[in-house]
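Quick notes on the structure that follows.
Per-chain numbering from 1; labels A, B, C and D assigned in written order.
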Amino acid sequence: MILFESDYLEGCHPSILDALRETNLKQTHGYGSDPHCTKAADMIRYIFDCPDAEVHFLVGGTQTNATVISSLLKPYQGVVCAQSGHINVHETGAVEHTGHKVLALPPHEGKITAEQIDAFAQAHYSDFSFEHMVQPGMVYLSLPTELGTLYTKQELLDIKEVCRNWEMPLFIDGARLGYGLEASGCDILPKDLPQIADVFYIGGTKQGALFGEAVVFSNPALAQDFRYNIKQNGGMLAKGRLLGIQFETLMNEGLYFKLARHADRMADRVRDAFRQKGFPFLVENTTNQVFPILPHAAIERLSKDFGFECWQHVDAEHDGVRFCTSWATPESAVRALEDAVRDL
Amino acid sequence: MILFESDYLEGCHPSILDALRETNLKQTHGYGSDPHCTKAADMIRYIFDCPDAEVHFLVGGTQTNATVISSLLKPYQGVVCAQSGHINVHETGAVEHTGHKVLALPPHEGKITAEQIDAFAQAHYSDFSFEHMVQPGMVYLSLPTELGTLYTKQELLDIKEVCRNWEMPLFIDGARLGYGLEASGCDILPKDLPQIADVFYIGGTKQGALFGEAVVFSNPALAQDFRYNIKQNGGMLAKGRLLGIQFETLMNEGLYFKLARHADRMADRVRDAFRQKGFPFLVENTTNQVFPILPHAAIERLSKDFGFECWQHVDAEHDGVRFCTSWATPESAVRALEDAVRDL
Amino acid sequence: MILFESDYLEGCHPSILDALRETNLKQTHGYGSDPHCTKAADMIRYIFDCPDAEVHFLVGGTQTNATVISSLLKPYQGVVCAQSGHINVHETGAVEHTGHKVLALPPHEGKITAEQIDAFAQAHYSDFSFEHMVQPGMVYLSLPTELGTLYTKQELLDIKEVCRNWEMPLFIDGARLGYGLEASGCDILPKDLPQIADVFYIGGTKQGALFGEAVVFSNPALAQDFRYNIKQNGGMLAKGRLLGIQFETLMNEGLYFKLARHADRMADRVRDAFRQKGFPFLVENTTNQVFPILPHAAIERLSKDFGFECWQHVDAEHDGVRFCTSWATPESAVRALEDAVRDL
Amino acid sequence: MILFESDYLEGCHPSILDALRETNLKQTHGYGSDPHCTKAADMIRYIFDCPDAEVHFLVGGTQTNATVISSLLKPYQGVVCAQSGHINVHETGAVEHTGHKVLALPPHEGKITAEQIDAFAQAHYSDFSFEHMVQPGMVYLSLPTELGTLYTKQELLDIKEVCRNWEMPLFIDGARLGYGLEASGCDILPKDLPQIADVFYIGGTKQGALFGEAVVFSNPALAQDFRYNIKQNGGMLAKGRLLGIQFETLMNEGLYFKLARHADRMADRVRDAFRQKGFPFLVENTTNQVFPILPHAAIERLSKDFGFECWQHVDAEHDGVRFCTSWATPESAVRALEDAVRDL
């Protein structure tokens, strides 16, 4: 049985285990005040070309989203996002748990537009009872989105402009950031991100680490006292060095990007296999998630040897499914899947 | 420089790294629904003799405390604890962040008594304006306490009785549980804990794991829908198996207890070294934390070669300090400290 | 200038001022423990035929909604309601402020259906990652809705059935309850409400009182310790008797219903006036709010002498507007409006 | 039976009922945007000599405290106050319900000092793990305190200085402000308050109004978007004019201060009566609350004709009790009490 169900099915890239073993009995201070965290933050500032950014390491995505978002909003503000956004659907209301409404806009292929955001803010402030409504206080995007689609650089610049006009910080969830940056057709470079987002995070969990997300405040003024927030939200790891060691390793010699590139190339092959058999897709994308629409018979056949997720009901005879590749997907697994698809 | 500053200065017991390496490329489902978590939970139920308990794994202590406490309380209820309790002092108000007041009682050597708790509840319900006050809804204890002291079994049974009378669940924070159970003079056995506490946790972070705390609901009715709470509080690790693998390893052949015993024996030697030189202690205890009161000159001398924490100002010439041993403390480090103390 | 902008433009029915004056210097205990609150609660239990109900008095609607909803939900649960529901749009996120997501369903004419609610709950529990989503924990409806429409008794019974199946309490917001019950065509009687809703409230603010809402827990088990919740949410009026006195007066000899009936009849006349001139409506309804669609010229003409609300943009030449009548609307005002509409 | 149990036993000063009747059928916009609120705010700015202050009206004290405090704090901050402070004891954890810890300092006669606050802030920032503790974010005082005692002007100026040094806004709860300002020996004038406090409130509920508290932001920058906060916390009265009308009346020709003076003079007489019989007091004060320590026999005798509160157990034969006067206390009631005390 070969699983393509998600991108967190395995442990981590072996070099991370090596680094953990090497440093294992070294004594360091706790809570992120160790030399590994310092060095990893420096590497991130260098690679993403943001020398003034403040970098913090947290354990997981939901925790990161809730901590960042609640640190940026005033009590009566909400966060604008796509209805399909992870914070709106799959975090058990972690944002609301901190007291804030998620202001969800209808997405197109997982994305929202500068125009939508602008119109929403406009509508808020022009309503005579605006104080009875949640004030849009920031914007949350994912890159790539939940559907594995990508914003273009221009789309992001337009959104940034709208955010600036309405004084709303822009936060980009990069749980799969590498898979986005390395996708074919992506015109965004690492150094573009701090120019666009006030704060973003570089996902480790799904991209080669055991766990961990690196939050980058390109606008360091927004990071004031952020460590209090991390602690209060239960995200301050006692052995913070575990995060530092992992990101040091991933940032070293471009490993993070190499691993992402591998996953994307594997996904391209999966995508091609389905396309060549004439299957349509729920959405066109180029990152590590592939969403073919399959007849039930094909789903049943593939299910015997492969794990994948039923994503969306399509009609009486078809479902949209999801195949995920990752840094860990061996070429042999993809070859087996290609063969099986060809034989459908 | 040898550090005795805390019990989370190193990585983890090497057998955990071995287990991580062995399982690294194995594919498992996420979020704790993997065979390692299942097996670790079974082992815990067996060792703590609570076949009906529900076991969940979280990443860290503050997260665990806030998640458990907020899952047990109604909005208008608070949690009773010692003023020196970790949740009251060192979690940046994580409990209050979930909307609940910490109802802090004055401790004696880090401990509160059944009588205090009973009197507090009695006072609440007999106040004519009780509905204007936060209702005591549960009790939180640490075993060992922040000062490394231990409740006796009888003290815990008395507290349990009071809790039952006032319908308040009893939650025991076991961030250092092993160091307590293995301390000389401790009359509490692992199997006693589920009989005493409605819910408790077995600390991994400070006792040989990279990270991780195992929450045991001896009263499984209190665990209803607890996984929603974990997710909402950002504590559901995508690669949940990392927690399962670590606790499997720690519970195997009593490793968890062996590591704790080692730390306690090392602390005994540190304690003896200070005692033989005639230094008094902030508190008498038998677990892995030692709190001698030292003159400033001695502190300065020891600081050259050893790291330790200034815990409490005593008088113009003395401070109380803390030396922590752990599962990782080598005997050579203790010998060096013994020598240095002897030479003071 | 005659205002039809809302139903809270005036003070209160004069008999309430009389009652306040009569009782003014009488000494009573505070916080709702006075004979007026007791008597008003008894009258409500009698009129709504729910002898076992628990009745509490709060000051305003937003406060009442947030207090009731947060008292019924577990931390990881949300409240199901129409996208147009007051709690979702016009309470500045008061429900989210208490930590809970509003789970908004697309309404038809302000209403949601038993089928929608059932499908939503079904979809939640059949999703393999349901614990990553907010659990639907209760249902909130308004009677009448924000658009002045009414559920039929059968529709409510169907919703009640679904709620029971999924173990979700049903809460009915009756900010304008009287205007609903007295509307032509309404087949719901006061005594039906406790049979249908687990908890509902009888709006005073918009129906003749200075302020005040009476919350009725037909299911008294859900009201356990509710007074703590009221206090914690800032809704416990020191001079609670002000609420008791007002509801005593409104419940006396059917005054509450008489006032509502007057407003509904006045609205019927306003509705007829627009209908006779051939204007369409945003929505067909029979309560105290009227929503004609008017050309801009007509809006401008009417604006000279009448206050009303622009409710919704329709097209380049038309807007939907809202005229509200109330217990206080004099017949002369309606006659003036009828004349003005006729002259358009 | 004559009640001295609290200062909210009666309705309101008759001139308020007159004003309500006069304005009753006048139509005004809702939510505080009416001419009465505007005029009342202007009068307050004039009387308290703070032309730039922003003034808002809320319904009750707990609501006001929670709304103001949560609007001023960042998520990880708490509010410093006396252990006996109303927010710490008698508001069912309303502040914690908004996510913030109350940082309680031991009071002397209900008061805390500039030195205490300074030492607390100092201790916070000099602790090496300060980010693991709740940051002191503001200071809350009551004038008068819960024990009816008063800060001197110099004490307040010293506290203000400390607050400024640590960048903590100072908030003064004036639920009984008038009773403080008119007390014999009080050296604080209305115009001093905006100079001392960043925000304070003028209590109406206990001083002649039916209900209502006027919040004055002497530092208007802190009031940004405050109306959103009021609404979100359920404190925005639909018929906001009720608050405007009441404060217009109270501020007219010094009525507010006259009523307070009356209550204080009545309390002076009650105090003298007990003093002349040689009874000691729980605390020496000069405002409208009197706290004699009485033997049980005297308590029993007085209880036959008078209502008062048992405040604090003193010893086996004595309790401290509280007699409250108010704007409504008739001289005849005080005379009856004087006679009864004389006859003890």
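Criterion: a contact is a pair of C-beta atoms (placed from the backbone, for glycine too) under 8 Å apart; a residue touches a chain by one contact, two chains touch by 3 or more.
Here the structure is a predicted model, which means the values were calculated and not measured.
K.L.:
Validating interface symmetry: for the copies chain A and chain B, is the fraction of residue numbers used by both over half? Same or different.
P.N.:
Same, since most residue numbers here occur in both copies.
K.L.:
From the centre of chain D, which other chain's Cα mean sits the farthest off?
P.N.:
Relative to chain D, the chain with the farthest C-alpha centre is A.
K.L.:
If you average the CA atoms of chain B and of chain C, how far apart do the two points sit, in angstrom?
P.N.:
The mean C-alpha positions of chain B and chain C differ by 50 Å.
K.L.:
If you average the CA atoms of chain A and of chain B, how far apart do the two points sit, in angstrom?
P.N.:
Computed from C-alpha means, the inter-chain centre distance equals 34 Å.
K.L.:
For chain B and chain D, let me know how many angstrom lie between their CA-based centres, rounded off.
P.N.:
Centres of chain B and chain D (C-alpha means) sit 42 Å apart.
K.L.:
Give me the residue numbers in chain B that touch at least two other chains, ranges are fine.
P.N.:
75-76, 91-93, 97-99, 129, 131-132, 228, 231-232, 236 - these are the residues of chain B that touch more than one other chain.
K.L.:
Where on chain A is chain C touching in the complex?
P.N.:
Chain A reaches chain C through residues 75-76, 78, 89-93, 96-102, 129, 131-134.
K.L.:
Taking the complex as given, what residues does chain B use to touch chain A?
P.N.:
Touching chain A from chain B are residues 2-3, 5-6, 8-12, 14, 17, 20-21, 23-30, 59-64, 66-67, 91-94, 97-98, 205-206, 210-211, 228, 231-239, 242, 307, 328.
K.L.:
Chain C touches which residues of chain B in the complex?
P.N.:
Touch list, chain B to chain C: 31, 70-71, 74-76, 98-99, 129, 131-132, 135, 225, 227-229, 231-232, 236.
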